[in-house]
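First chain A sits with chain B, and in the next complex the same chain sits with chain C.
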Partner chain A sequence: MKRSYSAAFLAFSMLASYAAYAAAPAITNAIKARQASYKEIGGAFKSINDELKSGAPDMNSVKPLARDIAARAALLPKYFPKGSGPEAGLKTRAKPEIWKDNAAFVKLQGDMITAARALDAAAASGNAAGLSAARNTLGGTCKSCHDRFRAEL
Partner chain B sequence: MAEADVSGAPARLRIWDLPTRLFHWTLVPLLGLAWWTAEERMLDWHRLAGYSIFTLLVFRLIWGVAGSSTARFSHFVGGPVTLFRYVRGHMFHRGAAPAPGHNPVGGWSVLAMIALLAAQVCLGFFSVDIDGMESGPFAYLVDFETGRVAAEWHEFVFNVILALTALHVVAILFYLIHRRDNLVGPMISGTRRWTGEQPVLRFAPAWMALVIFLLVAGGTWLLIAQFGRA
Partner chain C sequence: MVDGTTRRGFLLRGVLGGGAVTLGLPLLDAFLNDNGTAFAATLGGGRLPVRFGTWFWGCGMIPDRWQPKTVGADYDLPPQLAPIAKVKQHVSVLTGFDVLLDGKGNLPHLSGNTAVRTGAPTDDWLGIRAPTLDVLIADAIGGGSFFRSLELSADGDARTSYSFRDGRSMNSATPSAVEFYRKIFGQDFNDPNKADFKPDPRIMVRRSVLSGVTEQRQALQKRLGASDKARLDQYFTSVREMEGKLALQLQKPPPAEACVVPQEAPAVSGDITDVDRRKNNHRLMAEMLAMALACNQTRVFNMTFSTAASDLRQAGQTTGYHQSTHEELIDRSIGYQPTVDFFATRSMEAWADFVSALAAVKEGDGTLLDNMLVFAHSDVSYAKNHDVLGIPVMLAGKAGGKVKSGLHIQGGGETISRVGLTLQQVMGMPVDSWGLDAMNTKRPVSEILA
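Then we have the complex of A and B:
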């Protein structure tokens, strides 16, 4: 009995690893692309926050950062193909819920894209108070999605 | 002076000065506050807790060189021989004479705790949260990924601090139950039961501690207000 379980498990794991392997190129690229993109967004957003926290933000350095965030945010939806969750076998914090509650995920992603666009507009207008408000909105969308769809390791 | 009184009760020996006791007992709620405010994402309060702990640590380091005998590192930090002798000859013996202050094992645990807390506060200074919104006061000096690494270590070191705290409590229970020696009482009252000859302990005046503390607190405030961004 025990033996047949382990045999089944072995067969399953082989299949699973083959599936991961077979799925590799497109899935791997998507995971890598979104991770690189999130890192860039996080870095740019941190720099904007550092500027705001200094009390007198340098708008010339903020503008390209906000533009970059908006551009990268708009591309994010295509980096979450089915199968790019934990089952891909790569290091990812993307929870399976992203595809289970996909409508909720897509909604939050849309909120982020909208907020990123608003941040870009605020930076372009050069108004520090407006930038600060747009920053809070965008930060809120990061948090609400992370709380629900990003795994704490 | 040093002998037991008429009723036969052993004399009391003053071992902990007020500044050392205050340091200990303010650290406890501050650690709780730091944990709770991190859990609840009240980062403004979390930073305040961190600055307070930083102030306490710097004060304690100075007090460890300039303070009363039992607070001084030179008094309670011994080499491996002292440590080995204590563990072999004293630690597990109920009748063994108590240490006037930190015992050799406790002394090292004090050092470890101070080092861990110092590392923890410094990591917090440079930490960035995953949303890029909240950060330590000096995180603006490092890039996002470095700030994230600091934050991950900040979380890890917290667990190490928890483990050492648990060990601290277990050790106190061990002394209470096995050695029948209550270590908590003296940390509150400053004095402990003592039989036999009393060691000579020097106590630094409390006003000196107050002056040092105020200077350190002012320095911390300057450091954060002048060079920090949070």
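Then we have the complex of A and C:
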């Protein structure tokens, strides 16, 4: 019995590996690009938060970070092609609901892009209070999307 | 002036029936300067060559303390740029030109550096998809001089070079003024201003050895597979470069009025991560490079002042520049990291030394710097965060009258590959676009064109 479990596990692993291998390059690239972008956005957002917590944010830090978030957010919609969910066989936290309820997902993406632009504008103005408010709005759009469309670790 | 005419004046030289022939030319507009009023400055009768070089420093700057507030001519000098005051008329500052990562992650020190130099960011040197632009320019203009290009690193390490043909072919650097002197002005040097010239018989023998295996080389190539052929091609390219050097050594070099053979530089002893010693080593190398250019030993160079992820340090301190960018707290009372500010400012002092060394050499009606274009850049923009948006760029020189100097140009977030495209076009390369993917551009920075 133990042996048959092992064989089944081995077969499953091979299938999963094959799926990953077989994923089209465009799908693989899209998954890699969105993961890299979210990682950069997450890092930049944390850095902006840290600056706001300091009470006297370093605008040399904040301005390019906010600009990077806005630029990356604008590109995100193209990194979710059909077939780039769990079925791609690659490690991804994107839930199938992204494509099942795509209109809601697209709406939240749009909200994020708008909020990221507002953050960029607030950073460019150098106004700490405006930056703080824009940070809160953007954080809210991130959470709304994660709650519905991102799988837990 | 047009390229292709001989450096010896109004002559075309060629070979007919195994013998050298020359053909006199009438006076052409191309022999005049841009105003058409006088013969352009000359090197042995031909027009002075326009040289190209890069100057690199690591860890960027602090935007509020480096970026001028005013654009155009007569820009202001914030504290970190203050050291260039004496050479400001030679230097254009380009801010707000971005590396577009297009969904890729930012691998600090590498993404920005490769994007600036190759027109596409990479997160691995082996993954470089195009040659660095100095290599492209050297391929186009470097052939007529003894060295196709010269790579120099003031950090004492021959592996510190950001000049690549591809990820596996780095052009290694000469790491000290002493070594540089011997390379340029050592036993193979032909003084262009020496009255008598005798070809060195040793060179004639070496040349004939290389020429003597031509048929064997061709026969060997016919028997090889594709990968071996490519490998052998790369090898023969270096052989051809050597043949070119030997051929040049068998000719009397054209006189170069600005060429003065310097004294051998003193060795810089001690740890040259110390910023003051580094600046000293760099200044000696800069002065030597100026003479190497004036003596027509090369037309292309790359000078590295400090490494990407800068290795600089202050005497008596164990924490270096790069570590400080990560660990030093911002002094909220002044709004920046004071140690980082110190090193960024020292780097600009070194840049000013470099520009001064080139501007100090009189050549033709102007200076050596007037007949060159130097492209200075870093690997990141804001030192603390290692951003790649707005990587600092400066240009020095007038490229023989083709560019304006002393301007501040704001890029407004457009791709930094516009700068690389402009440099290639100014150096006479027939390219109308440059850069890959999101960084591809067809728009030069026209504001600097004369």
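Heads up, the rule we're going with is that the second predicted complex is superposed on the first by the 130 of 153 C-alpha atoms of A that agree within 3 Å, B and C clash if a C-alpha of one lies under 4 Å from a C-alpha of the other, contacts with A are read in each partner's own complex, and residues count from 1 in each chain.
The definition used in the following text is that contacts are C-beta pairs under 8 Å (C-beta built on N, C-alpha and C of every residue); 3 or more make two chains touch, one makes a residue touch a chain.
Just so you know, these numbers come straight off a predicted model, no measurement behind them.
Mind checking the superposed model to see whether chain B and chain C fit together on chain A or clash?
fit
On the A-aligned overlay, A:Phe45 touches which partner chain: chain B = first, chain C = second, or both, or neither?
In the superposition, A:Phe45 touches chain B alone.
Return first, second, both or neither, reflecting whether A:Lys143 touches chain B, chain C, both chains, or no partner chain.
first
Would you check which partner chain A:Ser37 touches, where first means chain B only, second means chain C only, and both and neither mean what they say?
So A:Ser37 only meets chain C here.
If you stack the two complexes on chain A, which partner ends up touching A:Ala26: first (chain B), second (chain C), both, or neither?
A:Ala26: touches no partner chain.
A:Ala74 in the overlay: touching chain B, chain C, both, or neither? Say first, second, both or neither.
Touch status of A:Ala74: no partner.
Thinking of the overlay built on chain A, is A:Ser54 touched by chain B (first), by chain C (second), by both, or by neither?
In the superposition, A:Ser54 contacts both chain B and chain C.
With both structures placed on chain A, which of the two partners, chain B or chain C, ends up touching more residues of chain A?
Of chain B and chain C, the partner in contact with more residues of chain A is C.
In the overlaid three-chain picture, which partner chain does A:Leu65 touch, first (chain B) or second (chain C), both, or neither?
second
After superposition on the shared chain, which partner residues are touched by A:Ala151: those of chain B (first), chain C (second), both, or neither?
neither
Check the superposed model and tell me the shortest C-alpha distance between chain B and chain C, rounded to whole Å.
After superposing on chain A, chain B and chain C come no closer than 8 Å at C-alpha.
Which residues would you name on chain A as touching chain B in one complex and chain C in the other?
39, 47, 54
Using the touch definition from the top, list the residues of chain B that touch chain A in their complex.
128, 130-133, 135, 139-140, 143-145, 147-148, 229-230
Taking the complex as given, what residues does chain A use to touch chain B?
39, 41-43, 45-47, 49-50, 53-54, 135, 139, 142-143, 146, 150
Using the touch rule from the top, collect the residues of chain C that touch chain A in their complex.
For this pair, the touching residues of chain C are 62-64, 100-106, 330, 332, 335-336, 381-382, 384-385, 387, 389-390, 413.
State the interface residues of chain A toward chain C in the complex, per the touch definition above.
That would be residues 33-34, 36-37, 39-40, 47, 54-56, 58-61, 63-65, 67-68, 71-72, 75, 79 of chain A.
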